[in-house]
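Each chain carries a letter (A, B and C) given by its place in the written order, and its residues are counted from 1.
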Amino acid sequence: MLSVANLACERDERVLFANLAFTVAAGSLWQVQGANGSGKTTLLRILAGLNGDYSGELQWQGKVCSEVRTEYQQALFFLGHAPSVNRTLTPLQNLRWFCALQGFADDAAIHSALNEHGLRGYADIPCYQMSAGQQRRVSLARLSLTSAKLWILDEPFTALDRVGVAELEARVSRHAAAGGAVILTTHHPLQTQHPLTVLNLDALRPEAA
Amino acid sequence: MWQWFYKLGSPRYFYEMTTGFVPWLARATFLLLAIGLVWGLGFAPPDYQMGDNYRIIYIHVPTASGAIWIYAMMAVMAAMHMIWNIKVADMVAKSCALIGASFCAVALVTGAFWGKPTWGTYWIWDAKLTATLILFFVYVGVMALRSAFDSETAASKAASVLTLVGVVNLPIIYYAAYWWNTLHQRSSELGVRDASANPPEIWIPAVFSGFGLIGLIFVIIILHTRNEILLRERRAQWVQELVKQETGNA
Amino acid sequence: MSRVALGLGASLRATLRRELQLAISSPGKIVNPLMFFVIASSLFPLSGRLDIDVLGSIAPGIIWVTALLAVMLSMESLFRSDYDDGSLEQLLLSPQPLYFHVLIKVLGHWLVTGLPLVVVAPLLGLLLNLPAQGYVPLLIGLVLGTPTLSLIAAIGTALTVALARSGVLLAVLVLPLSIPVLVFGAGVVDTALNGLPVAGVIALLAALLVLALSFAPLAIVAALRINVQ
């Protein structure tokens, strides 16, 4: 689905990675590993098309990503460090806007997504009254609403409790098993049913080799 | 032509090409300025109306109109940087901001020195003065925005966007300044008389100093850009070899 | 399935609704620029012993300058929370045409911050002794001019959204670019007070608005992409 060729990025005079090449196939689950500051977030944001400060080529279904931007963005779900949840709005208002940006409206689906993520009864509570973990769940409820094939998740387990972590592990496994693809970063040892491909940025760094 | 253009976009090629060229340009500039200024300030006959005060035009007029053209050049560079991601274009744009703001400042200060004996005041809200002042503000904004970012890439892209917004806005600003002036019925006293009405002893030195200042613009921009190239490419092998060579010779 | 596909119009309405909901849930966003407008304008008569007719003749300028500052200050928050909480990433990565979403966001913000200024302006006219024939031109000018100011300020906000303390920088960027709107806006009132026809100046203000509507969103989108990396 997504293939990367000859990708290099440097930041503040430091080579984060160079000559990076890999292909994320349908049905695969990728974990990007590396120490703090190794460029995991940068890599994910480059893959999502947010960061354009790199050299190399990104291809989506065999076509250059920047040339099929809309098509690529339709197929992509990205979740960064920040939960993308507005604290003054309610979960329902937050998710309605998300759905509208994806081009649909479906309140029933939003309610069932919230229920699925353990937020039954919270639909109309302003998010600032909720805990960090609950806000993260609002954010992750989007996974039940999006029809994107490729998920790119930066530290999605942050602030989740043990049950939430297990649920998310199961969710990404199911998505990969159903023919989707997931690229994520985490510092916690993943326990997934689906086979995991690890991309270790520390091991790839030129001076480490 | 395109290939040359493309090559000039490479910092290394720009640096190497200008190495031999810049000393000659600097000499020519010095010569033109020396002739223009010594002749203009020292030997040209005094004006029948303004006496010796008019001599400030040998600096004032070229800096004032230069400031506008430098903005145009900066805008072209910003566009090239945004569209083709040419790094040298951005470095030139950065130099343009600095020298453009300086030219505005010189034009405003010399204008004030000219205004005091001529109109009896350092400043009037004349259309030209107002527009030059606003142009100065816009230059300052571009420089302030660039220096506010930590990341070089973000800084240069942001400065480019603001430069291009400014280029849409500047004609409107100039028009607004003139319109506002007529609304308030201030006559444009700074109207420079038709150049050909002046005797050649007055306008020929002006041509020299004008071309001299154009040369000066390019000399400063090229030197500034060369510094910027060395700074940004300091980890590139060719720069390190160059430094080794220079320090070896010293 | 209850899923309804939305066209561009409906999804723009969702962005507008969100902008209005955000304003309602923090009323300070509406009230503070308004109070700034009133307080700053009332400083001028207090700052010197001004002849009442002189005050009336500079009233359009005072109102326009403080309106310009109020719009700029109110715009600072336009993308701030969306940048901080990551919503801006979702907007930039959505398959929607950003040009229109950004435009509707600015106009939504103008509805809750700029429009109230227009409504309060006549009151300030009274305080500042604005002559009677100046009120209608003042209102027409503000209706046409404040959206332009909002769009220009939004460019500045978008350019500085990634910078932690951007207040003064924003002013340095935005104020010079806003000068034409100020000149023509205050000029509408001045022209009317001089007994001259105002249609031409109003047309100029309208032209500036059209120009800003067409180009500002492009600059805003480009600026946001630079800042969200």
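Heads up, the rule we're going with is that a residue touches a chain if its C-beta (ideal position, glycine included) is under 8 Å from a C-beta of that chain, and two chains touch if they have at least 3 such contacts.
Remember, it's a predicted structure, so these values are computed and weren't measured experimentally.
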Path length in steps (a step moves to a chain that is touched) from subunit B to subunit C: 1
Chain separated most widely from subunit B, comparing mean CA positions: A
Central chain (distance from its CA mean to the mean of all protein CA atoms): C
Mean-CA-position distance for subunit C and subunit B (Å): 33
Centre-of-Cα separation between subunit C and subunit A, whole angstrom: 36
Whole-Å separation of chain centres (CA-atom averages), subunit A against subunit B: 48
Where subunit B touches two or more other chains at once, by residue number: 151
Multi-chain contact residues (two or more partners), subunit C: 229
Residues of subunit A touching at least two other chains: 53
Parts of subunit C lying in touch with subunit B, wherever the complex brings them together: 155, 159-160, 162-163, 166, 169, 172-173, 175-177, 179-180, 183-184, 187, 190-191, 204, 208, 211, 215, 219, 222-223, 226-227, 229
Subunit C-touching residues of subunit B, taken from the complex the two chains share: 82, 134, 137-138, 140-141, 144-145, 148-149, 151, 154, 157-158, 161-162, 164-166, 168-169, 172-173, 175-177, 179-180, 183
Residue ranges of subunit A touching subunit C (in the complex, touch as defined): 45, 48-53, 70, 73-74, 76, 78, 80-89, 93, 96-98, 100-109, 126
Subunit A partner contacts - residues on subunit C that touch it in the complex: 1-6, 10-11, 14-15, 18, 21-22, 25-26, 81-82, 84-87, 89-96, 101, 225, 228-229
